[in-house]
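In what comes next, chain A is part of two complexes: it sits with chain B in the first one and with chain C in the second one.
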Partner chain A sequence: MMQTAALALAVPCAAILLGGLLSGIDRRLTARLQSRQGPPLSQPFLDVIKLMAKERMVTNPWQAFSPVASLGAAAFALVFFALQGDLLVILFVHMVGGVFLVLGAMASPSPYSQTASQRELWQMLSCETLLFLIAGALYLTTGSFRLSELSALPEPLLYRLPLLFAAFFFALTVKMRKSPFDLAGCHHAHQELVRGVFTEYVGPYLGLLEIAHWLDIVLYLAICSLFWATSTPAMILLPLAAFLAVIMLDNVAARLTWRWMLGWGWGAAFVLSALNLSWLKG
Partner chain B sequence: MSEAIPVVLLIVPFLAALACFVIRSSACRSFIVIATAAGLAVSSLLLQGPLAPDAGLRWAGIIDPVITGGDFLLLAIMFFLGCRYRNFLIIMLTASQLGLFAWLEFFVFAEDQGHALFAVDILSLVLVRVVCLVGGLICLHAIPYMQAHEQHQNLARSRQPQFFAVLLLFLGAMNGLVLTNNLAHFYFFFELTTLCSFLLIAHDRTEEAVGNALTALWMNGLGGLLLLLAIWGLYSQSAQLDMGGLVAATAGNPAALLPLALLVLAACTKSAQLPWQKWLLGAMVAPTPTSALLHSSTMVKAGVYLALRFAPAFAHTLLAQGLMLAGGFTFFAAAALAIGQRNAKKVLAYSTISNLGLIFACAGIGTPGAVAAGILLILFHAVSKGLLFLCVGTAEQQVHSRDIEVMRGLCAQMPFTGMIAVLGMLTIIVPPFGMLLGKWLVFEAGADHVVFYLMLVLGSSFTLLYWVRLAGTLLASGQTTGFKPEIKPFLTRFPLAALGCGAVMLGLAAPILYGRLLVPLTSLFPVGRAFSAGQAGMLTTAVGSFPLIVVFAVAALIGLLALSGVSKAMVGRKGTAYMSGANTRLPDHFVGPLNRPVRAVVENAYLVPLFGEERWTLWVNLAATGLLFLMLGGALWK
Partner chain C sequence: MGLIDKLISTARRRSPWLLHFDCGSCNGCDIETLACLTPVYDVERFGVVNVGNPKHADILLVTGTVNLRNREVLTVLFEQMPEPKVVVAIGACGLSGGIFREAPNVVGGVDKVIPVDVYVPGCPARPEAIIDGVVLALEKFREKSKGKGEGK
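What follows is the complex of A and B.
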């Protein structure tokens, strides 16, 4: 019991540190790829601290509700993951974060955040379906949705789920809000929708959402590590490789439209996943 | 005592309906409706199962002839309606039912050998409480609603007596349908709900209303015919009408599969499964209490009840596989069609069809866990969907439109109704509330079947999308201060508040209910997976676990934290929405040409070309028909 409580406190804190650090690496690496110096690794933390110190301001009270709910859900999902719970429950809880992000963004009459909310919904649809298919694959291989059963597998899941891993990479790109799928709000405020779903969140609310975003990425990378859960080095290397690949892709790819994302990107990813699932059963 | 309660639940609504019809004073009618709703609520809570094996037998001498006579009367009325509106289809369907029923009644059915008239198990208990509590609240909400509804119509003579009489009759019919143990009596109540739905849908007497009511009548008439054929087939297999006995006697009997398939088809028409969704969508023209009643607690629930009741008889056959696929397809396709809808009531309608598909799929999966999930879904769906229909109806009377875009920013205009509606939508899509628990149980029960699992994943993602979009649209407004709860009659606010509390809190009861459901269900199913009812506060299946109490506590904590954040934000300085720096004093306007304020209009992406019903209805219906034929084929395959 005490152990669980300690874990429940330690996991979100560690995940925040890790997520911030990853964001720092991302910014530094991207800068180097673009022949810039780039900020220090601690810059994301400094940014968030600065945001938290700013004045609270909303155009609709829901914008104060949503970030807290979003962050809470993201942290809770991670704790469940650390406790080796039911993957479906983890995904359902994780989903709540996205729901509240969109609800807060839609609560403002701003055309930018409204339009981006629609895109965010399509992005959520793309990611969620693929994650649930991963859960299905986990069930078909281990006979259970509980993560605790995974360590008993003799060989890495990746051998049996190559296509699903490709689909997961697509979902990771969408979730990290990276080109070519930084449609509903990217890291730069110069896209046609300003900052998309984040346009109307300011100050501490934006800070909370930034932290929630870090936690989401950590959860995705943790799910990525499930694909090679048989050895500890691989559990670290595989997500790291995926993370670096997304950053590389971000720097070489131009942005695509959401129609492309939904039609070709998600369509292909879903078909690949379905194929992969069907041969698992046989 | 316990034997008298089913009779009370059956008789009181009929008497109250009669009183409503006869007494024309509005105050008396309100009193009768309130008293009946309260009485039914209390009696349904007092009802306990199981009853004695000869329950109700001493009244059989009265009830049997009354119901048989009622059957002929009902069919005659429907026949007459077919003639009056010159609807050949209805005439044919009712005439064949009339002939078949007379033949069965006089030449086939032997004298009953002392089977119980009523049976109460956990499934019927859940259903009775749904009918009496949710249905009762809907009737209460209807009192002020119908008064406002008639103000626009300039009627010479109020038509409310008929309306409330049929509403109460409907509750009685549903109670009878759920409590009876005799399949022939079940048929009577089944037909009675058909006639009631016709009367309720046609209530406004517009051309559209009557047309849609006739569609409902012929589709459900077809369901009635299928049910009668199924009864004939089942009776010829085991020479009894006792429902519990029939389930036990037909399980594992390949010759009984065809009648069982007809039974399932009848259930599908009643529950408006694809390709019979048209009548339920058409029923949207009726006043909101009708839609709420048809969609949440009565009518459509009769179909899924029948399928779940007989699920043990066809578990693990090709018929069950077909039903699972057909239900899964309806879940997915109706959710996709809901995305392309900008009519709020139609979104609710498609979502109902979709969720019922999920419940049918539960009956098809046919494990104790899946059937328990189906029963839980019936309960949670009734509460959440009843709530949403009442909210949309209340909103509709204020904004005079069902268009989602017109309801944009409803929470600023009607904070009470708007917020409860958003809450109701959250209880459908977000853990730890009931609907999501049910869906989780289906995920866990159905993951063995890859095709079904794919449909499940797609359907639930689509469901999430359209609910979040609708909730966000209601919230969208730039208003930050001056929220005044709108002034509504107590009878409007009370059902909303009660259903809202129910939708939020009922999820907590899921582990207990699930545990209680599993025990009797496991004894009913010949083959089933091992299960564990789990610890208290934990929902456990064979393949996963949902720590409900923990999730609930954390959700409450996060909610409170977020609300305290809201109260802090309310006192702070207010911002304006970003309009590229060209804001005006109006919250959603920017400075346009000639320094005139221009409203920034953004609408949701409904993607009508991709998800529109005009484009897809035909194809979806063809696919669903194909799946149903597959199911029938599965029944014929020896």
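What follows is the complex of A and C.
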């Protein structure tokens, strides 16, 4: 019991440090790819500390509650992951965070926030379904939704689920808010919808959402590591490679429309996943 | 000053997010302002980000003259920014109205409408001068938070 409580505290803290560091690496690497020097690695932490000390402004109480709920959901999902829990529960808890982000953004009449909320819902629709297919594949291979069964596998899951991994990579670009699918609010400060779903969140609330976003990225990279859960170096290298690939893609790709995203998500990625699942069964 | 206050003060100085508003400028100063973000000057290495949203901004950069039409927009942008905030007026027009100051529709410099903390002269102002103005604005943050502590 004590161990679980300690884990519940330590995991979100470690994930915040890791997520912020990854975000710092992302900004520096992106700057280098654009022949700029880029900010120091600690920049994301400085940004969040500054945001936390800004004035609180809300136009609707939901804008104050939603970031807290979103962060809470992201932290709970990570703790469940660390406890090697049920992947379905982890995904459902994770989705709650996304729903609250949209709720808070929709609570404002701002057209930027409203349009971006619709796009965020499309994003969730196109990438969360893929994650549930991954959970299904986990069940078909190990006979359980529990992550603890994975380490008993003789060979990495990636050998049996290569097409699902490709589909997961699509979901990762969407979740990391990177081009070409950063429709609802991208990492960069400017886009056609100002700052997308984050437009109406001010100061500390934006800071909380930023932390929640770090936790989400860490969770997705942790899910990525499941594809090679049989060896520890591979569990680190595989997510790292996926992360770097997403950043490279972000720097070479332009933003696509939501129709493209749905086409890729439900067309290409969904078909690939279904194909992969069908041969698992046979 | 406690450790947390120190941390916040450092974070404020190293993470200034700018909002750039063209208040009827000829675009000369705007081009120079955006030049600061290009690889030549790359102000992002100091944590500076050009945000398009007053609700996320710490520093308001205003270029150009204020006229009867856009004075309201300028006021609204300023009011939407959360505290602590600093205003930097850029270029001859932003400072005093420049050569347009006697035009019937021109109100004058930015300080006729909102309080200005830093004035950056020039026609157009050079990118180096604008960066210098932003650095000066960061010092104003420190003064402002000190003033708050004394109950002013």
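Here are some notes:
The rule we apply is simple: the second predicted complex is superposed on the first by the 278 of 282 C-alpha atoms of A that agree within 3 Å, B and C clash if a C-alpha of one lies under 4 Å from a C-alpha of the other, contacts with A are read in each partner's own complex, and residues count from 1 in each chain.
We take it that contacts are C-beta pairs under 8 Å (C-beta built on N, C-alpha and C of every residue); 3 or more make two chains touch, one makes a residue touch a chain.
Please read these numbers as outputs of a predicted model, since none were measured by experiment.
In the superposition on chain A, A:162 makes contact with neither chain B nor chain C.
Once the two complexes are laid over each other on the shared chain, residue contacts for A:194 go to chain B and to chain C alike.
Of the two partner chains placed around the shared chain by superposition, chain B and chain C are both touched by A:57. Of the two partner chains, neither chain B nor chain C is touched by A:267.
Contacts of A:49 after superposition on the shared chain: chain C is touched, whereas chain B is not. Among chain B and chain C, the chain that touches a larger number of residues in chain A is B. After overlaying the two complexes on the shared chain, residue contacts for A:34 are found with chain C alone; chain B is out of touch. Once chain A of one complex is fitted onto chain A of the other, the partner contacts of A:202 extend to both chain B and chain C. In the overlay built on the shared chain, the residue A:139 is in contact with chain B alone; chain C does not reach it.
Chain A uses residues 55-57, 194, 199-200, 202 to touch chain B in one structure and chain C in the other.
Looking at the complex, you find that chain A touches chain C at residues 27, 31, 34-40, 43, 46-47, 49-50, 52-57, 189-190, 194-195, 198-203, 206.
Across the interface of their complex, chain A is touched by residues 409, 422, 426, 429-431, 436, 440, 443-444, 447, 450, 453-454, 457-458, 460-462, 464-465, 468-469, 471-473, 475-480, 543-547, 551, 554, 557-559, 561-563, 565-566, 568-570, 572-579, 587-588, 600-602, 604-605 of chain B. On chain C, the positions that touch chain A within their shared complex are 7-8, 10-12, 14-15, 17, 39, 42, 44-47, 49-53, 55-56, 58, 82-84.
Of all the residues in chain A, the ones that touch chain B in their complex are 55-69, 72-73, 76, 85-89, 92-93, 95-96, 99, 102-103, 105-115, 117-118, 121-122, 124-125, 128-129, 132-133, 135-136, 139-140, 143-146, 194, 199-200, 202, 274, 277-278, 280-281.
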